[in-house]
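Chains: A, B, C and D, in written order; residue numbering restarts at 1 for each.
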Amino acid sequence: MISPSTPPGLLLRMYRDMIRIRKFEEKVYLLFLEGKVLGTIHQYQGQEAVAVGVCSALRRNDCITSTHRPHGHCIAKGVPLDSMMAELFAKSTGCCKAKGGSMHMGDISVGAVPAIAIVAGGVTLAAGMGLAYKLQRSDRVVACFFGDGAVNEGAFHEGANLAAIKKLPVVFICENNFYAASTPMQLTTPVGIAERAAAYGIPGVVVDGNDVAAVYQATVTAVARARRGEGPTLIECQTYRTVGHSRGDAGTYRPKEEVELWKQRDPIERLRRSLIADGAAENEIAAIEAEADREIETAVAFAESSLPPQPEDALLHVYGEGVTP
Amino acid sequence: MISPSTPPGLLLRMYRDMIRIRKFEEKVYLLFLEGKVLGTIHQYQGQEAVAVGVCSALRRNDCITSTHRPHGHCIAKGVPLDSMMAELFAKSTGCCKAKGGSMHMGDISVGAVPAIAIVAGGVTLAAGMGLAYKLQRSDRVVACFFGDGAVNEGAFHEGANLAAIKKLPVVFICENNFYAASTPMQLTTPVGIAERAAAYGIPGVVVDGNDVAAVYQATVTAVARARRGEGPTLIECQTYRTVGHSRGDAGTYRPKEEVELWKQRDPIERLRRSLIADGAAENEIAAIEAEADREIETAVAFAESSLPPQPEDALLHVYGEGVTP
Amino acid sequence: MKRLSIAEALREAMREEMLRDERVFLIGEDIGIPQGFGGAFTVTLGLSDEFGHERVVDTPISEKAIVGAAVGAAMMGMRPIADVQYSDFLFCAADEIINQAAKMTYMSGGTVKVPMVLRAPVGATNRGAQHAQSPEGFFMHVPGWKVAVPATAYDAKGLLKTAVRDEGPVLIFEHKRLYGKGGRKEAGGLDLTSGIPDEDYCIPFGQAVVRREGADLTIVATLLMMHRSLAAADLLAQEGINIEVIDPRTLVPFDNETMLASVAKTGKLLIVEEDNLTGGWGAEVAARVADSGFDLLDAPIKRLASYDVPMPFAPVLENFVVPSVDRIIELARAMVKGKV
Amino acid sequence: MKRLSIAEALREAMREEMLRDERVFLIGEDIGIPQGFGGAFTVTLGLSDEFGHERVVDTPISEKAIVGAAVGAAMMGMRPIADVQYSDFLFCAADEIINQAAKMTYMSGGTVKVPMVLRAPVGATNRGAQHAQSPEGFFMHVPGWKVAVPATAYDAKGLLKTAVRDEGPVLIFEHKRLYGKGGRKEAGGLDLTSGIPDEDYCIPFGQAVVRREGADLTIVATLLMMHRSLAAADLLAQEGINIEVIDPRTLVPFDNETMLASVAKTGKLLIVEEDNLTGGWGAEVAARVADSGFDLLDAPIKRLASYDVPMPFAPVLENFVVPSVDRIIELARAMVKGKV
């Protein structure tokens, strides 16, 4: 079951976004095998409750920073599937005009900063975004996503420390899926991730990252704190990627039983059961799923029919462009 | 008074080294004003108990890493004053052949790695040194000195984490003098420094850094732990530099009363009082001081009479030199 | 017209930009501490008194956080002026500089701008290898960054203002030996102040200045080496050798035209830089002229730079490593006489 | 003689060096995990099974710690072979690389050695700007580092062995598109394996190889661009244009002599590199020839490199940015015909 006291309408909307992520990822995987999606992909299956729980607690003009595994974050923050799919197809209509690709997905107009594929690279940037909000006397907040692997990078430390000492409106979301690529967390990180919050004098909480309502509630609390000017919170969302690290990874370094166990904790299944138990109609849920399918089909069609960029477009957008004084 | 249960003979030896540091620094300051010592200097007056307490707990073949403020560490580890003074005079007989200067002082033959002037730069190197000892099945340890300012650098975090997870024989010595250049610690560091040890699952202790016996005892414990293969310890030594950050800094950003207060806690005075109380003879102490004066005079004479390097020497020592297979 | 040093001119530029545009703020180490340093070289002295500690942000010693925060704040519409105390520490934040700031606009398909300024002092001053580098060449190499190298107070003020108003990231390299009012031997004993107009001015990027005209040889040099080249040219003039000295003022964009026009006139090019020879910005400049200026040349292109060594501490060594007025004179004379 | 790919040859070199010298160990991310990746590109696969997890050290994602620990261990008498998963991440450890590893021996007056190897995969492979760079030029610029750029499996093995036995730090750049056995289109469809002798061999640093002889034009190129240049040369041979292709194999030390001897013969130089144009290693090479080879040249020195942009994701864009066989052919032909 999932945590109580989240409005049922919201839960349904969260279910919808989780389904959209899952189906998007499944489709992208097939398209990758077909050779239509190029480069590499790091997929989000199994972790949907984190992105959706967090982003549901944000306003549209709040921002997120993301990682090499950004599809889920982007969908949850509201990046249109059309432009995401087009980006993966390397089309000019992509959300980054085919310059970013899977690892740099984003759309600033909905608050999704282009994803940063340097592990922990987003942490110091998020601190700076929070600093901007503070200087602007805005009550915006930034949610900064990163993995368990990121907490051993110097960038995590410096960014978390700066955000803490300056009481910046940042919510640090560690998606602890217990592996960084093939490396299990216990080989690299001597303590629990949330425990590191104490090193910065900020709250650190552990939540069940496969319980979307729990993630949501923890984020609501952290966001409220941030908006009050009391500074950042570190939320460790324990979850699991039920797929490989990147395309082509069979995940042989993980015990089969472990993968199976986590598949049983599937966040979407859990939410579905909970919704049904709470009285949602099967056909309502089926309609949500069907709509997601349609949306993805449309996105694929959009991507397919879009034009690739012109080769010379490669030369655009290097500089912000200067003044002519 | 100072902490009990340190052998009196050792205390006298520690007194000797602390006096050597103090007098060396005072002389260097004058020589700097005379224009004989060039470049910049970051001096150690007031912090002598840290270097001496720590190094007294090390064996000769243990190593230290040091910082932009290395004179005290080097003297405590046994670098000859002659070659240190010659280095400051930019003479070819200097411990780094006049290539290093004040900020890179060191002598590997006594276990003092040339000092690293990038704040926190030594922390990852120390981890690697510990890793070497472990792989070599040696029981050597490395003591890694850094300031309070260093604990906010990514390098501190990455180095401490690696040492912790691999249980490397490293003792981290934070000399907390409460300022990083002009910046007071409370502006930059939200929690006590020793508290950060918990983020790496290692012991963190606070000691009175002006009590040489306390520093020594804490280091003995940490060194023993390291030699047993149980990993690093973070020791926060609270102390104060009674001089400016670097040559020419009048330290106007520090309240006068604070400086005065700490001058009253002078580690050398404290140790002297304690020695006398414990029955050391005034003239024994005076002899130690006189010997230090003589040693420094000799060092100055050595430096003065040494030759500068040849300009072309600048071209030597760039590469380790290759094999000729 | 008042005369200001580079440090003063930079301070005035920041002050005026902060008054003009409330999005501008400063971020760095030791920059705003009461009774403190005003940064490693006094450039920000007094600004926290005037603008408060919100707009003069004192940070922990965390170069990654300084640069990363500037990137993040710039993306959100602010105009940070960040600084590191010595340019050597840029390498502590190389990821933020090279992988984040430089690439964000591009990766986003032009939708995200990073209007930030990053200031960094360069040059060797008897402090040893980790406080001595002149890493302009590294960053000239990174598409996305513009790179300014002001050698005079007038330029420092005007280039910094242009930098603040640019929509993308701009690095400004300032030379430690040029901050002061001059008259010191290391800087060639020159007056290093400039007359500064009362009115607001910006200096466009990509416009070199011919600091001295001459028909026998073109020298391209920046920062301290520009001053040393001018001193060398003055002395050589007494021998009847006339050297043209060009100060590019910005390395990115680089004013190829002014340089090529000069080489067209002199037929000979000498590049003088303080960074070590291999792979410095002088290599790029030489390569450009060896391509598009090949037919203008009547002699090999020469570069005078620091030797390929880390910077040594000892003055006698450092003076040997860094190009001196004498070495410039010697090489320039030999080039003009056709002896090299 | 067996034939190995570059990945296999590197693995064999590491294995043999670990057997030969117990001071040698590996350190990096995902390099020794049971049933894991064997590093980002399988190079270390199996080595932890053979040598255990003490000598194949899996680290946290901490590039500063990886490089810093390698420096520290090397100072204490070990021979670490460290690696980062993509060369882009070298910038995360730029301080350790540029300020620590490169300068320690010098700052110590030659008393402390840092015999370490740092491996880094380069090249664009449709992954966008942060997993695509070819930063050889940056590090060629840093005195203290030697820099190897093996384009064949034979060289990869021999250069890595030399690197391990060197007393100073050595960077090895490996191209992602060349790790495999070849035959793939991106690599020009060539067989990328080499015959590897049974006996131990090292390849001395600073000795270029003339991969192909020709009298009309000299091309200097490394890694993937070397293979593309060879392919271009083969095609141009059908038009009667004879191109000499030189593979420097190490950028530091650089074999100026072999290159100049070739330019003496051809009078024309084209440098092809994958890094972006401004300030790449090609700039340095051009600058050297524009100086000491000036009299040998009868045409402008040309460089063909990636455009000065971050690397875009889309294949159509990436293919436009990175020099292709076609663009090499076009420029080489124009040069030989005197049209540029």
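Remarks
FYI, a residue touches a chain if its C-beta (ideal position, glycine included) is under 8 Å from a C-beta of that chain, and two chains touch if they have at least 3 such contacts.
None of the values given here were measured: they were computed from a predicted structure.
By number of C-beta pairs in contact, B-D leads over the other of B-C and B-D. Chain centres here are means of the Cα atoms, and by that rule the chain farthest away from subunit A is B. Each chain gets one centre point, the mean of its Cα atoms, and the points for subunit A and subunit D are 36 Å apart.
Measuring from the averaged C-alpha position of subunit A to that of subunit B gives a distance of 45 Å. Taking each chain's centre as the mean of its C-alpha atoms, subunit B lies 40 Å from subunit D.
Residue positions of subunit A touching 2 or more other chains: 96, 98-100, 104, 116, 118, 121, 152-155, 158, 161, 165, 187-189, 318.
Shared interface positions of subunit C, defined as residues touching 2 or more other chains, are 59-60, 62, 64-65, 88-89, 92, 95, 99, 106-107, 128-130, 143-144, 308-310, 312.
Of all the residues in subunit C, the ones that touch subunit D in their complex are 88-89, 91-92, 94-95, 97-99, 102-103, 106-107, 128-130, 137-138, 140-141, 143-144, 252, 275-276, 278-284, 286-287, 289-292, 294-295, 297, 299-303, 308-310, 312.
Those residues of subunit C whose C-beta lies close enough to touch subunit B in the complex are 29-30, 33-37, 58-65, 88-89, 92, 125-131, 307-310, 312-321. Taken in their complex, subunit A has these residues touching subunit B: 152-158, 161, 164-165, 187-191, 195-196, 198-202. The residues of subunit A lying in touch with subunit C in their complex are 63, 94-100, 104, 106-109, 113-114, 116, 118, 121, 123-136, 142, 154-155, 158-159, 161-162, 165-166, 316-325.
Residues 25, 27, 54-55, 57, 59-60, 62, 64-65, 67-78, 80, 95-96, 99-100, 104-115, 143-144, 146, 161-162, 165-169, 201-205 of subunit D are the ones that touch subunit B when the two sit in their complex.
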